[in-house]
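Down below are the structures I want you to see.
Presented sequentially are two complexes of chain A, the first with chain B as partner and the second with chain C.
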Partner chain A sequence: MNKPLVELKGITKYFAKVIANKNVSFSVNDGEVLALLGENGAGKSTIMKILYGLYKEDEGQIFMNGEHKHISSPKDAMALGITMIQQHFSLVPAHTVTENIILGNVKGRIDWKAYEQKIGELAQSYGFDIDPTARIKDLPVGLQQKVEILKALYLDAHLLIMDEPTAVLTPQEASKLMGFVKEFTDQGHSVIFITHKLKEVMEVADRIIVMRDGEVHGDVKREDTDELELSRLMIGRDLKPPKKSEDAGGKDRKVVLSVENLSVIGSDDVPKLTDVSFDIREGEILGIAGVSGNGQQEICEAIIGAIPSKSGRISLAGEDLSEQNIRERLETGIGYLPADRFRDGMIMDMSLAENMLLKESFGDKWLKRGFLDHGRLRRYTEDIIKDYEVKAPGAGAMAKGLSGGNQQKVVVAREVGSGGKFIIFNQPTRGLDLGAINHVHKTILAERDKGKSILLVSTELSEIFALSDRIAVVYKGKIQGIFDHNDLTIEKIGLLMAGYNDDKGVQA
Partner chain B sequence: MNEKLRDLILTDIAAVLLGLILSGLLMLFLDKNPIQAYSVLFTSVLNDKYTFAEIFVKATPLIFTALAFAFTFKANLFNIGAQGQFYIGAIISVAMSLFLGDSIPRGLALIIIFALTIVGGALWGGLIGLAKARFKANEFLVSMMSTYVALAIMNYLLRTKLLETKMEYPQTDPLNPSVWLPIFIPGTRLHIGFILAVVVAIGIWVLLYKTPIGYRIRVVGMNPDAARLAGISASKLYVIAFMISGGLAAMAGFTEVNGVQHMLVQGFNTDIGPAGLGIAILANANPIGIIFASILFGALKVGGTIMGQMSGIPASIIEIMQGFVMIFVIMSYFVRNEIDVRREKRKLRKVVGQ
Partner chain C sequence: MINLLARALMMSTPLLYGSIAEVYAERTGMMVTAIEGIFLMGAWGGFVVTYLTGNLFWGVMTAMLVGVLTAALYGWITVYLKQHQVVTGVAINTLVLGLSAFFMRVIFGIPITPLTIDPLPHIHIPVLSKIPVLGVILFQQNILTYIVYLIIPLSYFVLYKTSVGLIIRSTGENPEAVDVAGLPVERIRFLVVLLAGALGGVAGSFYSIGFLGLFTTNIIGGRGWIAFAICFLGNWNPRGAFFGALIFGLAEAVGIYIQSSGVELLPNELFIALPYILTIVLTVARRSFNVPAKLGIPYKKEN
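Showing the complex of A and B:
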């Protein structure tokens, strides 16, 4: 049980301008589930890609059963019994399950019947419900992942590396996967499980390697640790979740944003929003909860004028916005943080300073004698970098060189700056690490305390509950109800999100 | 930054040398002496003021057409029609020059001709942008086809309204010397059009990087979705970018007609549009880089002509030589990138002390 199967010794990997791994050493034992825990960009995937032969280490050695091995391609790794399931599957969508599994491992005439039977039996022995003749493109993601696993089993893998395997799964599928991991390791095989979710680690791992900034910061047995210690190792400091001041003031405060009977028809003639109405007062956060794709995006885009509304009225501080274009609306003091910053929020090939200018290139705010005042813009951006704790070399750094969390801080700073009265945060923390999430939440609450009105769209219920004063639930483009955040429970909101309504039952 | 500049110069020189060596080997196959051919080339270029200045004469229109392609390229648009916009500029320049003659002072006349040329090119280019903005037409095809229309207009005018008084060839009368662009190095053909081209290139750089409109053009080019959500209207910028682009290409017509040809002949300078495109890509659409890339192209053109005249090397070899040099210059870009990555890795290693 405790014999090391694979040992990594002093692995270092440089990418063009960053160190991805620095002197990383750890081992995996036979029959062990090893969790590789760390935030985005901690170097987890890189070290595993080195073990799998996709990257070449710059320094260090890999030992297997005590022997020094050179792994220079996935083929070498597979020959040693190491298989990796990437975050993005490497399957051919147009081919069948069988074709995908035997790909690269057959020669000459193929006896399809025999292979299909063999793979069918293999799938059954692990309780996988997979038809070997089904085409990959017809399978849901959960099953596609099982095909990847079958591929590994077919190759007789001793060590299975899984990169964030639960990211694409529903909670039920995830627990089934955990069951498989246990069964697989009971046969004496080993699994390395890459993740940034503490809950999963505590559920499945025997031993945990914590990585931060490309280095190993902890090697602990599950029974000797707890989630608090792990999160501290992972982040490098204690996180204090922001505290919301309870006042929310009240019903007597002035209404800033008012949306009345807003309806939007999509380009495919399907109604996207039907009769949506809500008000947001000064210093108030209205959270919009709902399963992704139930009209949240349309609410945001209709307010800023990016999509036309069929009917309804939108006003900001009493001023009717309905007839104004995007630019005029933004100039009345609306900030909009889009859900997809890559597509809608940033220019990845421009510097941070130029990204700060995105919504303020009109007017003479940044002009000096008719030309852009790059000096002042740079100083302003440097201040933002300091205030928002953005990890960037300076205002001249390209946006694409930053990690997701730091990019998001820059966009948040820009929208906070341009949204004088009202800010829309659409999925502000999706894909961010814990430190960045914490920072964004603090910023949102600080803006609320300054008296700004905030529309917060999120599919994370914990985020909605932690920040919102009132919560609106959307389902199929309609508002199911607006509630004070104290009047809602997780159960109730779950039912509303699924289309059930207290008195009316299921809505069409 | 200094290291990068040094790499740039060294790799570019290496690229040109490699191109010359490889084409030298080809000459050996033809029993020509490459060393002799190259020494003729270099001595005549370096010893003869006229020949040396010719490099810059040839570079002048290329700077304009390269800028024309580069400018729309920054908005992620493809203006393949610089050749046609160049013809439009040449038509307007020659027509206005013939019309004005020596009736008004040279400076005033040149300014009027120049201004009208730009307006004509801008309107011609603006039509392409309008088709793109209003009807979502593919600007690549529209601009490419517009060249044939411009060519047909030029050919028609050269046989009718603009036909020379002798009525022999499809060409115009020579221009009155009072509307020629002044020569600024005596004993050569180097006219002030070259200075104009350099100034315009710098101006375009300023426009792109130092003004709000240039910023918005680049934003639309790099991420139209983000631009739209920031309230930036892409369709308006498409028209503006194509107007500026058309105006730039038309300037080449002005400098060629009033600076070099002093008349308009059917079928002249048929390759400066495509050459400009290549130069713009070579210079990564950077206006300042375009100046130097155009001079390199000018040098290749002049060098080729001289080698053909003086050493009996067949013209096809000269074209191959130009091709080799171009390929190596483009490859040097990737070499520089690799050098840069390795240097950064070394620096990192030093920082972490390993």
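Showing the complex of A and C:
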């Protein structure tokens, strides 16, 4: 039998004292698509960054075609024909496609014309519609990913590692990417595909390595397995997805949040939202689907008043919010879970109790005779920790000491507490593991069943479909349409997300 | 008038060295906030060695060396120890202010009359200096000005037409991309800071041995900061730095000219302050900047 292309033997990696990879061994063969499946934090990216030379292993060895290799920098990896596309692309936004592709791969004087032509031809040979002189910041994410792939092709990569490549793509773009992966491996090359999505794995992989808690928990051929087995290997236990109760009288319930003709202009004078209108009724979840960066953030921030709107009206339970500032709006009973909890949701150097207090620090809710009532705040936080199954030593624990999932539970609890009538969940499960996702989903549905109105923004279509009563699709700051969740297919929503509309074709 | 323009070009020379130094460094994401101190060390080192050896060449070389040493201290603290660039720069500027005064005392005691040297001679380039008007302005300058004529196009070429330039520009925009391409971000930044130190040291020496022929601890008087501002105003490119430095050089020359002409239209202090006022006005007036995206942010890699 032939020697495998790459073989990892007993790789162990520590970050400070935390173990990220523990005795990881697996191999990838020529012409093979290998899926590296696991939850966030399972150590998938770490092991691949070791193979690519970005991290240095603490123990273990790497073999290529049976030979022991030392890879101490991406330069070494590239010389061996290995390239890796990072989850967050490593492109220079202000530079052109050509500048990005040849960075680090040229010496001395650069003949721009010649390189631009060479890269243009390479792009064409793979059917990529990319202008070598275009600046990265002007390209949509899907094309940026193609630039990354082009970079790998330019280097004549034999093994291409892709870290969560479909996270930023529409379903159609994702299936095109799968097409490319097959074409690439048909030429005898190999691909390692990092993902946490079971569907993708079943669609594209020849073999699957399942990782959990830094260790390999399964090495199976696709034809010998199914999604159920994979999810069990990945999580280590069975998971029951929350069940949504169907709601009969939704249409007759009263409107809680009403957004009419909302338009927002960005600081660069570019319209961010154009004529956005929707209603959310009592006990209803409106899902907003779309590729990241199509106005979702602006919708949320305009509703709570964090960014000014150029025109339009926002009202909550009949009360016009348009002239109110953020604090007044929040006091009417809006909860807001921001997409980026590090930036907008928590103060990592403060305790959980202090984080619970954050948004109400100006009111007198937590005051006793003019001073903070620390005892009551602590008891309240301890209750939250219990109710939400937050893994934390106590209310006094620093937020930064918790895992992402547990931090998110704390923010969710706070916003559920302060959102008496209406809660915005912006990307509530991004970066969480399946257990935490399950918990957050249950919480969202429970709040809906209590009669609260919910705006759910998510780029994960499965999440949108599982939770929403109605679904709005955004593209370039416009609403492409609002649909009952039963009336949309993945196919149709994908087209809408990419800017196609039944009668109008591509939206400008 | 011709003399005024020749003087303006002379006064812009050190600002050009300084702002080009900043252009290189800031393109990799490093604000060299120690530039004022690097200027001062250059002025000091250049003067001391020229005075002791009587050799202007060794003076300029020493200025370059102490500039590099000061920059190395700054680079070590900001690049490798990842400390805040503004705080570090301010600390170093304050430190060298004391150091230069201290070592002047140690070496020369307290002289009764100010120590002076003969500054760099003006070199009349054969033929070219005979061109009417332009010859006097452009080709009757000292050697440092002639060198800077070459540095500007050279810098433009390096930054935009070579692989080194591409790496420098990419490092300030997205160091992660540079890292993933297998290039050492920290070493790139440190080396470019050293280069900035060399250029800044020469700039500083221009004030002491380039035309004044003496050294005082306030000889730089904020001109390092002006070079720093020119880099911003010039949009981080050599051409912008060139025009920016010319404007400030002219402002300085006009200030000196009016002071010495004896005409008292306005208080003298106003003209001394002219470059500084101009800095504020232009910084506020300039609307759009192409700031390198990671300017001032240390590169931290988990490992």
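Of note:
By our rule, the second predicted complex is superposed on the first by the 264 of 508 C-alpha atoms of A that agree within 3 Å, B and C clash if a C-alpha of one lies under 4 Å from a C-alpha of the other, contacts with A are read in each partner's own complex, and residues count from 1 in each chain.
Quick note on the criterion: a contact is a pair of C-beta atoms (placed from the backbone, for glycine too) under 8 Å apart; a residue touches a chain by one contact, two chains touch by 3 or more.
Just so we're clear, the structure is a prediction, and the values are computed from it rather than from any experiment.
Of the two partner chains placed around the shared chain by superposition, neither chain B nor chain C is touched by A:G266. Once chain A of one complex is fitted onto chain A of the other, the partner contacts of A:I326 are limited to chain B, with no touch recorded for chain C.
Contacts of A:G394 after superposition: neither chain B nor chain C is touched. Contacts of A:Q86 after superposition on the shared chain: chain C is touched, whereas chain B is not.
Contacts of A:L103 after superposition on the shared chain: chain C is touched, whereas chain B is not. With both complexes placed on chain A, chain A has more residues touched by B than by the other of chain B and chain C. Within the complex, the chain C residues that touch chain A are 161-163, 166-167, 169-170, 173-174, 176-183, 290, 293, 301-303. Residue ranges on chain A touching chain C, taken from their complex, read 15, 53-56, 73-78, 84, 86, 88, 90-95, 99-100, 102-110, 112. Residues of chain B that touch chain A in their complex: 206, 210-212, 215-216, 218-219, 222-223, 225-226, 228-233, 341, 344-345, 348-349, 352, 354. On the side of chain A, the complex with chain B involves touching residues 12, 14, 16-19, 22, 58-59, 304, 306, 325-331, 336, 338, 343-350, 354, 357-359, 361-362, 366-367, 370-372, 374.
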